[in-house]
Structure formats: C-alpha cells, structure tokens
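Input: one structure, supplied below.
Naming follows writing order (A, B, C, D and E), and every chain is counted from residue 1.
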C-alpha cells in the first residue's frame, strides 16, 4: 500500500464537474453571507449575483463535462467512480436541470420573499452529489452520494418555513427517506457479504457470490432506489413532498433525483447481471406504479400534486428499461431508453414546474386548477409552455415525451415485454385526461376572478422558453440525443 | 423535376405559414386572415401543380414522388413520404377544403383570430402529413399531432358543451391510437423496420406473421381507425364534437379528419394483416352496416341540425368502410369497385358534408341557433342559400349526376358482388338517407315562415358564394365525369389488390 | 482474548443491546428512550471492539453516544414536552400490526442469513488475523485505507456535513431581520394580529383536529 | 456464540426492532431514534462482515469498518437535519405527534 | 348506328341552365321563351331522329365514358367465369330505338304543349323562372331516362325526374303540406329505387353488363334461368326488383300513395310529370327490358296481379273523391295499373300503346282541370263548382273529349289501347291456355273500365254540369283562360280524338302501326289462319264487352250525377251500406293511415327509442361515461389510500418491502435449491 496519495489527471477530470458544482454552492453561500444583507433591494431584489454565480458555475461544470468527453476511464479513486459516457450523460441532464432551476429561481424566490443563498447553495451541493452518484461505482460512494443529495433535497422541500405544507412535506420525506436508507444500507451490507468483502459494483456479478445474500441484498438496494424515484409501494412521500415544496424545488427534485437515482440503479443492475426473479418483481412494481400513479393523478385539483403522481407514473415508465435489461439475455442497450426518457423528462417537468412558479400569487405557489383558469389570456407564453409540458408528458407526438415513450416501449416490445408496453399505453391513455385538464383550464375557461397579474422575471421566461423549445426540438429532431444515449450505454463502467 | 421535394413542401407550407403568422401582431386581424388564406392557397396550388404539372403520374400504381431520408435512425425512424392513387385524392381534398374553411371563418370567429388561423393551418399540416407518410411512426406522429389543434379548435371556439366534447374527442381518439402505436412497435419487433413498404414486403416474404398475431395487431389498428371513422358503436364522440365545434372545425372534421380512419384501414390495416382482415372483416362489415342504418335512424330523430348531419356522417362512413372490405370475391378473384368507390366516396362525403356544415355555419352566424325548430320556410327568405343547401343535400343522398352517387353506387356494386346480403342491407341506407335529409330540408327550408326573426336573414354574401361555388362545381364534376378522379385512383387500387392476393 | 471470554462478553453485550433496544422503542417518555439508546450504542461499540474494530468502536462511542445522543437530549430538553405533549400512542392493533411487520422482516432476514451458503460453513469464531505490521482496526491502518481507498467518499462526507450544517441552520434558525415569517411562527397563536387568512386557517385546522388527542388540547394551545 | 452468523442475527434483530419503532410509535422523537437504531444495526453487519473478510482481502481489510464510519457520519448529519425539522414542526404545530402532520393527503 | 342524339336532352338542359341562372334577372318574358322553345326544339330534333329511326333502325351515340373501371387487376390471369364478372362500365351512351324515340316524341311533344300552357298558367307567380327551370330540367332528365343505353344512365334520369318531381310538387313550399307531399314522393320513389338498384347490381354481377341491349340478349339466351336464390331464378329476381322500382315510379301497389299527394304541385306539372311522362317510365322500363320479363313468368304474374289490383283500387277510390285533381290522380294510378296488367299479360305493345294514348288524354284532362282551377282561382273542390259549362265552354268541350277517351268510347284514343289490354287479358284467361288467375285479373280490369267511365263522367258532371255551386264572390271572375292554354288544350284534344289511330287493330282494319314500329308484340300474322281467326273472334268479344262496360259506366254516372237526376242520387246516398262504402272510398280505404301506423310511426318511434336507449343510455352513458367514472372511481380509491398519515405511509413501505422480500426469497428457494 503506497503511503503517498496519488491523484491522476483522469481522476481530476472526472471529479471536476462535481467539484465545480460544490465550489459554486459554497461560493454562493459565502457571497450571500458576505454581501447578501447589504443588497440594496434586500430580499425583494432578484439577488442577481446568486443567479449569475449559479449559472456560471453550472455552465463551467457543463464545460468540464464536455471537455473530458471521449475518453473513458474506469476505477478512479480506487474504484469509487468511473468517468464514462453514461455518467456524463446523466450528469449533463442533472447540470442542465440545475442550471434551469437556478435561472428560474431568482425571480421566483424574490417574489416569494425567500431569496437566500441557502437555496442556491443546497441546489448546487445536491447537484454535485447527484453527479457523483451518477458516476459512482462502489457501494460506499453510492451510499454517501445518495445521502448527501437526500439531505439537500429534504431541506429544499422544507425550504419555505412559513408554509405548513413545506415543513410537513420535509418531515415526511425525511422520515421515509431515512427509513428507506436503512433498507438500502442493509442491502449494501448483504451485497458486501455476498461478494466476499467487495463493495465494487463490478464484483456484484461475481459468479461465486452467495446467491441468497446477493439476491436479497440487490432487492433491498433496489427498494432503496425505488423509494428515491417514487415507485409504488414506496411512493407515499411523493405527492405530499411535491405539494409542500416550492414549485422550483419540486421540479428540480423530480428531475434531478430521478436522473441520478436511475443512473445509479442502471449502473448497479448492469453490473449485477441477469436476474430473472428481480426482473419479474420489478416488472410488477413498474405495472403497479404506472397504474396507481396515473389513476391517482386523475382527480387531483392541486397541480403540484397532480404532477407528483404523474412523476410516480413516469417512474413506472422508466422502470421498464430496467426490467428489460435484467433477465437472462436482456438487452443492455435498453438502458439508453431510460437515459433519453430522462433527458426529455427534464425539459417537460422543469418546464411544468417553472410555469407554476411563474404564476405564483403573492407568496404562495399558484398550484390549483382553479388558479390557472383563463391563463391563456393573461400569460400566453406561460400557458403555451405549460401546455407543451403537459402534451409532452402525455406523450403526444412532436414532443420529446413521445420520443421517450417510443424508445422505451419499443425496447420493451422488442424484448418480449409487450404487456409492459401495453399497460404503459393504457395508462398513458388515462393520463391524457388529467394532463389535459390544465390545458382545458387555461384555454377553455375564463378566469373565475380577476387574478393579479404578475409579470414573471426574465429568468423564468428564459427557462420556459428553453424548455418549450427543447420539448419541440427534441420531439422533432431527437436523433442526436438518442445516439448520444445509445453511445453512452455501450460501455458502462462499474 | 424529381429533385423538388414537392410532398414536403405541401406538408410544410401550412406549418411554416402558421409559424410566420405567429409573429404577426394579433391586432392585425385582416392581415392574419388574408395571410392564412394565402398560405392555404399556395398549398392548394402546390398540390394542383403536383397533379397537373406532371409530377404525379396517374397511370402508375405505385408510390410516387417518394422522399426517404433518415430522420432518427437511432430509433429506426425515417422521413418517408410518398403518394399514390389512394392518397392523392385525399391530399387534394385537404388542400381544397382548407382555403374554403379559412374563408368561412372570416366573420364567424372574432375571438383570438390569430390562434384560430394558426390552429387550422397546423391541422392542415398534420392531415397532409398523415396522408403522405409512408413510415409507420411518421404516420402515427402526424395522426396524433393533428389531434391537438383540433382539440383546441373545439375546446376554445366551440359551443356550450365544448369542453366535454373536446375532451371526449381527444381521449376517444387517443385510446385507439395508442393501441395502434403498440401494434406498430410490435411490427418493429417482428420486421425490424418502421418503413411501410419494407414492412409490407418483409411480412409477405421473409417475416410472415402468424394469423393469430395478425388478428391481434389488426384489432389494435382497426380499433384506432374505427374510432376515427367512426364505426358503430364507437361513434358517440362524433355528434358531440360536431355539435360543439365551430363551423371550421366541423367542416374539417367531417371533410377530412374522419377519412383518416378509412384511409388507415386501406393503407395500413388491410394490407398489413390480410389474415386479420379475413378474420375481422365480417365483424367490421356488420358494424359498418349497423352504422349505416343506425346512423340514419339517429339522424331521423335529431332536432339539432349539426347533430343530424353528424349522424348522417356515421351512416355515410359506414358505406366507405364497407366498400373498403369488399374486394375478395372468393375463388381467388378480386373486384375493385368497392375499394375504388370507397376512396371516391371519402372525397364525396368530404365535399357534401363539408358543404352542409359550411351552410349550417352560415345560418348559425346569422341566427345563432342550430335548433331545427327555430327555422322553417327559409327558402323564401334566402333562395340562393336554399339552393346551395338543397344541392348539398342531394349530393349527400346520392342523387345521380352529383358526386355522392358515383361513390355510393360503386361501393354497393362491389359489395353486391362479394356479399349480396351486405349490399341489400346497406342499400336500405340509401332509402333512409333520403328520409332524414329530405325531412331536414322540409323542416329547415320549406313550410311557412313561422319565426319572425328569420324573415330578415340575409342571403349568402359574395364571400360565401366564393367558397360555396367551387364545391358545387366539384360535386357536379365528380358526378358527371368521375373518370378524371377514378383514373387517378384505379391503377393504384388494382396494384393494391394484386398485392393482397 | 480467549474464545470463551469472547463468547461470554458477546452474549452479555448482545443481550444488553437487545433489551435496551426493545426498551427504546417501547418507552413512552423519549428521555428514557434516548437513555436506552445510549446503552444500545454502548453495547454496539463493545461488540465493535470485540470484532477488532478498535477505532470504529471508539468513534461509535464518541459520535453516537457523545454527539448524536447529546443532540437528542438537547432537543428534548429544548422543547421540553410535558406529559400532555407526548402523543397518544397508537392502538394495540396498530402496534400488533407494526410488530407483525417487524417480526416478519426479522423472519425473512433470519431466513436469508440462515440459508446463506457462505454462512453455513461459518466457523464458530472469527478467523484469526494474520499478524501484519499494523494491527487490524487500528487508527493508523484504518486511516491509511480510508485515505487511499476511499478518498473521494471522505471528501464527499465533508460536503454531506456541510449540507447538514446549512440545512440545520436554515431550518431551525428562528428569525432574520429580513425574514419575518419565522418570528410570526412562534407567536402566531398569541399574536393579536393575524397576518394572513392562511394562518387563521391553519389554526382552525389545529383546533378541529384537537379533539382526537383529547388529553393534549390544553397543552397544545398553550404557549 | 460469537460468530459472524450470530452477529448478523443480532444485527437483523436490532434492525427489526428499529423497524418496529418506526412503524409503531407516534412520537417523532422516538421515530428518529428508531431510525438511528436501524442504521446502527446495519453497521454491526458491516463490521462483522469486514472482520470475517479481513483475512481474505489485505487491501480492503477495513472496508466494512469504513462503510460503518461513513454511516455514522451520515447518521450524524441526518440526526441534525431530522431534529431541525422536528424543531420547525414543534414551533409551528406545538406537537411531536406524527399523526398531526396530515394536512396534505389524497 | 351512331347519331347525334345528345341534343335531345341537352336542349332542355340548356333551358334549365339559362332559366335557373339568368331567369330571375331577365324576367318572365325571357323565361317563357327559353322555357317553351327549348322543348319545342328538342321535339323537332326528336322528330328528325324518329324519321331516321323509322328508316334505318336504332341509332346510338356514345357520348363519353361516365363510370368505367377496368376491374381486372393488372397481373391477374383472366379467369373465364360465367357466374361472376368483374369490371364495370357505365358509359354515357344514348340509344334511340323505336320505343325510346316514340317516348321522346311523346315527352317533347306533350311537354312542349305543357310548357306553352304553363306560360299562361303560371303567369305572375313569384317563382316563374324557377318553375320553368325545373320543368326544363325535368325534360332533360326524362329524355335521359328514355334514351339511356344502360341501366345506370337510365337510373340517372330515373332519379333526376324524381328530383324534379320533388321540387315541383313542393313548388309552393310555403305550405307545409306541399313540402310534405314532395318529400313523400321522393321517399316512396326511393323505396322503389332500392329495388331498381338491386336489379342493376344483379345484372352487373351475373351478366357483367348493365347495357340494356346486352342484358336483353343474355336473357334471351336464357342466362336468367340459371342461378338464383331463395327459390326464384335470377331472371325473376331481376324482373321483380325492377318492377319494385317501376312500382315506385309508376305508383303501383304498394307504393302508389305518393301520387295523389303529388297533386299539390302546379297543375301543368301534374299533367306532365304525374300523368303523361314520368309516372309512365315504369311501364317504359318494363317495355325496354322486355326480354328480362319474358324470361320470368312468375314475375309477370305478380305484375299482372299488382296492376289489376292497383287499377281496381284506385278506381274505387276515385269514385268518391271531391277534389278534381285527386280524381284524375287516382285515375292515373288506375290507368297505370292497366298498363302493368298488360305487361303482366305479356302484352307489352298494348301497354306501350296505352302509355302513349294515356299521355294524350290524361294530359288533356289535367290541363283541362288546370284551366278550371285557374279560372276558379285555385279552387279544386268539385262541390264548389258546377255549371261551369256556361263560363268555360271550350274547357268543357276538351275535358269531355278527354273523358270519353279515357272511358274507352269507340274511336277515341283510349278505346283502342284499352281494348287491346282487355283483349290481352281475355286471351290469357280464356285463350289457348286458360288460366283462372288471369281471369280474375281480367274481370277486375273490366270492372275498372266501367268504374273509370263512371267517375270521369261524375267529375264532368260535378264540374261543368248542373247548378252552379261556385262561391258568389268568385262567380263573376270565372272566365276562359289565356291563349296558350287554349292552344295546348286544343292540340291535346285533337290527339285524344285521333291518337288512337296509330294502333288500330287488324280486326278494325288497321295494321297496328305502333306495334309494328316498336316490335313489342308478337307478330300475329305468322300464326296459322285458324288460330288467327279464333283470336279475332275473341278480340271482338272482348271489344264489345269493354265498350258495353264503358258505356254502362257512363250511363250510371249520368243518371247519378247528371243534370236533374237528384232523386237517384238521394237514394244512393241514403242507403247506409252504400254510404259507408262511399265513406271508405272517400277516405282512400285508410291506406295512408295504415302506412303511417305500420311503417312511418314504428320507424320514427324505434329510432327515437334507439337513440335514447342505445345511443344515449347504453353507449354514451353506461359504456363511455361509465368507464370514465369507473376509472375515476378507481383513481379516487387510490387517492384515499394516500391518507396523509406518516405511519400509514411507512406501513405501506414496510409491507411493500416485506412482500417483495418474501417473493424474492420464495423465487430463490424455488429456483435455487
């Protein structure tokens, strides 16, 4: 064992994006602490410097991500992480989500009267942890990364202390999150035991492993991740947390946590190798998740809650590729479907939540169907953005949501999981109903009472524009991203 | 010449035009209206150029003017367009209908004009795309994409129950189309391609499908198309959608959108799954026949003019569907009357029902009611209007010399050759059609002028004449000299049937 | 240490841990629970020591018993729940159900461990460690491995702690000059002026809900 | 008696007790403590496994212990956050009954 | 032979276009010129064609391919198959053979007169141009009907005339009853067309052609005898279905009900369409498709029965109608029944002959009644007329001529044709192959002859003779109508007088010019002498019988309704039984009511019921909305599961994990060990 620390260039490159994110977060905290209170506009101002720092940091991180693209290095930091296209793809999505959220956050938080460095700081700490999670290849770093991002997310969920829902949601999230961490950790312990003392993902597939420990261990780990992505029956926290969180935090959570978790889950599952029983079980979970998520969303009047259930449903769709790659002879390339789906999901979900954020009334989120009635007249741009998001979530063509579903369902059918695709499709039909409801409210109804007209800040505008254009562009010209996603799953480090 | 991507141009012109209109100031109503009209006229000219200018060769039975570029090769998608005798008439119908529809909206819609025109143009792109796509996913994409503008048109500019109708329309259609989507994916699994000609070829040669699988897939496709047609008993969205939609919506819906279903059958359902067709054919034919009679009976007792016409659509489309399935005479022999007639009848129905809806729109604009009971005796007040109305009616009930007859007759001849019982039952629809349409005319136009308000209704204006006269001219043309249309269709149909053998 | 001694110590400590753990989850008063939890953690660290994890054992004692549990006790003292503030525990059926679930979880885990091939040929005692330069479990050996093999995680943990700090500060800080919301929080019930309808609603809900925990009513509304 | 298996049994038992505490108790404080119990129970498994494998793997002989250490750190941070949320709730609701947190449902 | 026939229908069509588009602008003068001159021009063309045909035989013109499908898929091996034919061709081809050219002459001739008549009759009407446009259009379609060389083109005319009839019946659409009558006419005709269409389909399917000549040829070859279904052979089916179409158009039982109602239209329309031309197209169809019917003896029996029954029933109803036009309408139905009876008896020539003469005298009668109605300012009730002979002497004279012609008084036009029909029935009933059924039919028609004479004279008597019952304020205004009306009446009266001479039978020294020209009847001259003699003697018997019956009918009417014969009438009126029968007859034997009760109401009610129960309730409410609410209910169920309580959430989590763990372990146990 060498006594001095060796720090290779590859390791540096690999860790750079998350390092930049962490540093940005820290910087924002410091800046805010140093000059935040002296800001002439105080809380009411947009605190542009926070936003700008965030944007700069995210862009830098993105650049760092892009700079290293091409070379793949595995087993960095003694196997703690690997720098591969798979991780970079997920990291890219996460950073993009963070960027858009930051961009939108300025005006939104200022309007809520809650604009502080903590929001941005936690956002970036969480994002850094997520990026690391997506790149992690051993159980310890996965665990710690998960916990780090979870903590950040718990706090963001309870960010607005003056809302009771916020505290309640944060608490629920925390308790259940810690509970699930217990299971995840137990699973990791079993995996550790089953492999004969290795925590490296690449050893999970060891043919000499202890079967029962390994099976139970992987199941417990999967349960931990199922909780994170909100799969039934580990979903109970999702609606309450989304409803309680400030809209932007909810959107970021929905996307970034899902991306990071699915990336890690896919990495684990790919490393673990074929397991028919797990595939069957996950298939069942996926079915239940799709059905319950969509059905429960049907009668929601609270938009955030509706989006939460929709998020559950989408986790169900996202589980399909995981199921597809699991059995003996499963198609490993199917995981590309999940990646692409997530990229699309990023745009749609951030778009939807940002639209809600743009519509806040006073210091509350505007999150009821009632509140967006007649919106098409008040805020045409926001209405268009929200509609596009809804249409994309519903999976209607010319939006990225359709392409994602096409990709995922196609792989499912191709690998003999027609029934999963069938259920996915049937539930999609159901989902159309509730995704249309906001559109109906915005376009077909007139406002029930003259709501105060608030002009969304430029950051929100920009975010909405980006997401809307992105939804359409990726819906029409998805090839580049799809190729990228396929490319990135060819060689997944573990 | 061949390098000119004329099909893409036809599809994209309205969409790009809509994009252009989006940047026009919304206060500039006139510019928007005229701009939209111009765009649709350009599309019409393009499509006419395609036929007259020698791009399209009517004597060839295969796909023409094909454009095939990879679009998302990673997903197996290609931008594959092509046109043949089956789609040419429908494309022409679409491009022909649109300027008239746009013209008809000039006065009818005053709220959010810009969005309205944009929706209509986008709708047109969607419809054209669906008719021209030769890639299964591309077709699906257009098929779904046109749902959204139509949904908005019904939902925003519709009548009192518009939301219910719009949502019903959307969800009904989605139910079918998503199952079709699944079937498309299954085809991908089986043949490894989404490209229609390739799929057809592989199914025929290297990758034959088991007949049970075919039945399932056909059922999935057929459900989607049957909803769109709509076939009994999946039709209940149609009266609601028609009644609530604004005039332009109804016209497009009746004129073009319903044909998507029948077009789907002929382009995809039947050729892809011959065994499925064999198995489900009788069921679909029976449903079509029930639809013919049931729709007519329903139309008989409606008090709302639009609803009446909507139910008449159910009846008429029943003929079309019936015709599409009537090509196999047993002992390996084919007959093409049914299919050719059905294709022609799609156009005919588009013209006659479209015109009826336009006319209803005209009167609705003036009186703001669609209740039949509020009218009567109009022939005296608005003679020109009444003349147009009667012509449309006659076309709809299939009076020889007008367009409706040719298609209906060919369908029935074809049907009769294949199955006499079907033909006999379907022919009763001819009688019933006269019953309800003439009852409509009688209660609407004839009789004493009961309601004072009706006495001051103005007759059709010049603008309205401008969009009604071309339809009548086309009706007479098809009725008297259908050869120019059948000539475009038949070679393809023969080729098509040959392939089905 | 001789094997029988190890056996004995383990048996005693394990029994202690089991009993204390059961007491933790059954005591009504959280202070007792906390104290018993300290006992559990203590026994744990004893087992760690038995398992030759010296450093970890002490860390366990320091961090858990010393830091975390002190934090718990501190919070308990801070909020100082009176007898009436303590929530009514769930009905017996609830507890039976929860107990059943927990028991089943244990059964399944037990089954897993029992069925494991690796563990069936488990020697009664742990294998003897080869004597190396450093002793296993020592701080030095531990530290070397930590910094060589798990550097990244170690760094990440620092972020984790930072997040924890920021979060704890953000959530529990009472008020800032420019952030009026928290100050209202504490006084909302007694404040003469209600700042928003929303809060009035909240309070109304509290009162509505109050009868369920009927014994608490007085205490809940008291500030 | 003192073997890997018995350590694991103990770990599993403590874990289950923690699960029971989380599921059965209504007092948020006790729930938090039960969660700590669960995490700590798993630590035992890690350390026991680590002890068992220390012979085999000279490079990673402390792996289990390091894992456990990280868990301890995580537990500490979690405790901090959990207790902060508890305080927040206490200030708002004046309750530590988990059932009172049911403003959102459906 | 090819010839330029298209002008015959095209000229009136041009008239239609001119009148329809420009008529309103250019005023009634223009309209009347165009309206009247185009049919006259067509008449002249037709005359020319007639002469040509007479000389050279049938002429044909292929104008263009109307509907044509090549039918045989490109790469198909042509399979010779005698049963089913593929491919379809319906050219726009016109055929001028003897029958059609005679029809053309009748149509254009009578039509021209009626156009002239209309100039006066419709003068001052708001819809003057519309009227002439419709009338011209009618002519065009009628000519297409008769000239069309295939069934489909014939069908075009067939439906086209139906359309014009519909438009003209409802010409004064402000009155709902008129509009209803038009609708009824169209719909009832459609029912007939249903049969017609099926007949066309059968021809297309089994003969592979719809060309009338080819069908005839194939039937003559005996092709119709094979095939078939439901116990009838193919030819019979085609014949019966065609007859259904003919019955619709030509108002035979059970589809006659529209014709009396059709009298709602202007009287010249009734004359042209509902007496002279359109309604006879059924008969024309039968004549044209003679080979088909010849091959279907059963169908002929049906036709004969229906024809005789219709003749009798309509005559009975006509006995007691008080509306002058209704009398004529039922009379038309009755006479058409005659013609079908003739066809059923195989006497196509006779039917066709009667068609022509009937066109003359019935048009005359209608125009005469129109003249009266015009003079009476649209009063049609004969009870409010009487004694008009004094004011309208010319009309009276012509009307009387028409009456005598229809009554079959010797030497008038109707005499020859009706006699020939009766003789055909007589010959079938009692000739070389006696048949009881034919006897019954024949008796019915003979009775009808008497009744016809009776009710026609009754109408003359009620209208023109006796006391004036004209409303006093109207009486001074009654006067002979205008010039063109007079011309038309005069010409038609002349034709009714002498028209019969185109078909004088051999026994009266004639040589049956029409029959020779049209070749619709078997040539009797080839028969052996003895048989011919027997035939001739039978013809005499029949002739005398029919004349006697006709005169009897006239006499009876004269005694009942003639001037100063009130006593007898009173006697008849006071007899209960007779009065009840009269009432039945006056109420048209309640056929309309029966139809209403058994056909119309059930259709409407069941539609209503289906709409309510199947469409609204079953499909829309139970299935569509039901499934939607079921889904939403399920959604609500899942929502309620989300109780908001953390313990419940945790329990869900725990149980979920438990279940998965359990499944995992059991799967492992199952597979591994």
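Here is the rule we go by: contacts are C-beta pairs under 8 Å (C-beta built on N, C-alpha and C of every residue); 3 or more make two chains touch, one makes a residue touch a chain.
These figures come from a predicted structure and were not determined experimentally.
Shared contact partners of chain A and chain C comprise D, E. Here the chain-to-chain distance from chain A to chain D, counted in touching steps, is 1. Taking the mean of each chain's C-alpha atoms as its centre, the chain lying closest to the overall protein C-alpha centroid is B. Sorting all chain pairs by how many C-beta pairs they have in contact places C-D at the top. On a Cα centroid basis, the chain most remote from chain A in this structure is E.
Inter-chain spacing, taken between the CA centroids of chain D and chain E, is 97 Å. If you average the CA atoms of chain C and of chain E, the two centres end up 99 Å from each other.
Rounded to whole angstrom, the centroid-to-centroid distance between chain A and chain E, based on C-alpha atoms, equals 77 Å. Distance between chain B and chain C, defined via averaged C-alpha coordinates, is recorded as 68 Å.
Listed for chain B are no residues, as none touches two or more other chains.
Across the assembly, chain A contributes residues 1, 140, 144, 147, 151, 154-155, 158, 161, 164, 170-172, 175, 179, 186, 190, 193, 196, 211-212, 216, 239-240, 300, 433 that each touch 2 or more other chains. Under the contact definition stated at the top, the residues of chain E that touch 2 or more other chains are 639, 642, 644, 646-647, 650-651, 654-655, 657, 661, 665. Taken as a graph of touching chains, this assembly has some other topology, since it is neither a line, a ring, a star nor fully connected. Working note: touching chain pairs come out as A-B, A-C, A-D, A-E, B-E, C-D, C-E, D-E. The touching residues of chain B, when paired with chain A in their complex, are 70-76, 137, 140-145, 147-148, 151-152, 155-156, 162-163, 166-167, 170-171, 174-175, 178-179, 181-182, 185-186, 188-189. Looking at the complex, you find that chain A touches chain C at residues 1-3, 5, 15, 22, 26, 29, 37, 42-43, 76-78, 80-81, 113-114, 116, 118, 121-122, 125-126, 128-129, 132, 140-141, 144-145, 147-148, 151-152, 154-155, 158-159, 161-162, 164, 170, 186, 190, 193-194, 196, 210-213, 216, 364. Put simply, chain C touches chain D in their complex at residues 3, 6-7, 9-11, 14, 17-18, 21-22, 24-25, 27-28, 30, 33-34, 37, 40-41, 44, 47-48, 50-53, 55-56, 59-60, 63-64, 67-68, 71-72, 75-76, 78-79, 81, 85-90, 94-95, 97-99, 101-103, 105-106, 109-110, 113, 119, 122-130, 132, 136-137, 141-142, 145-146, 149-150, 153, 157, 160-161, 163-165, 167-168, 171-172, 182, 185-186, 189, 205-206, 209, 212-213, 216, 219-223.
Chain C contributes residues 90, 94, 97-98, 101-102, 104-105, 108, 111-112, 115 to its touches with chain E in the complex. Interface residues of chain A, counted against chain B in their complex, comprise 391, 396-398, 402-403, 406-407, 409-410, 412-414, 418, 421-422, 425-426, 428-429, 432-433, 436, 439-440, 443-445, 477-479, 482-483, 486.
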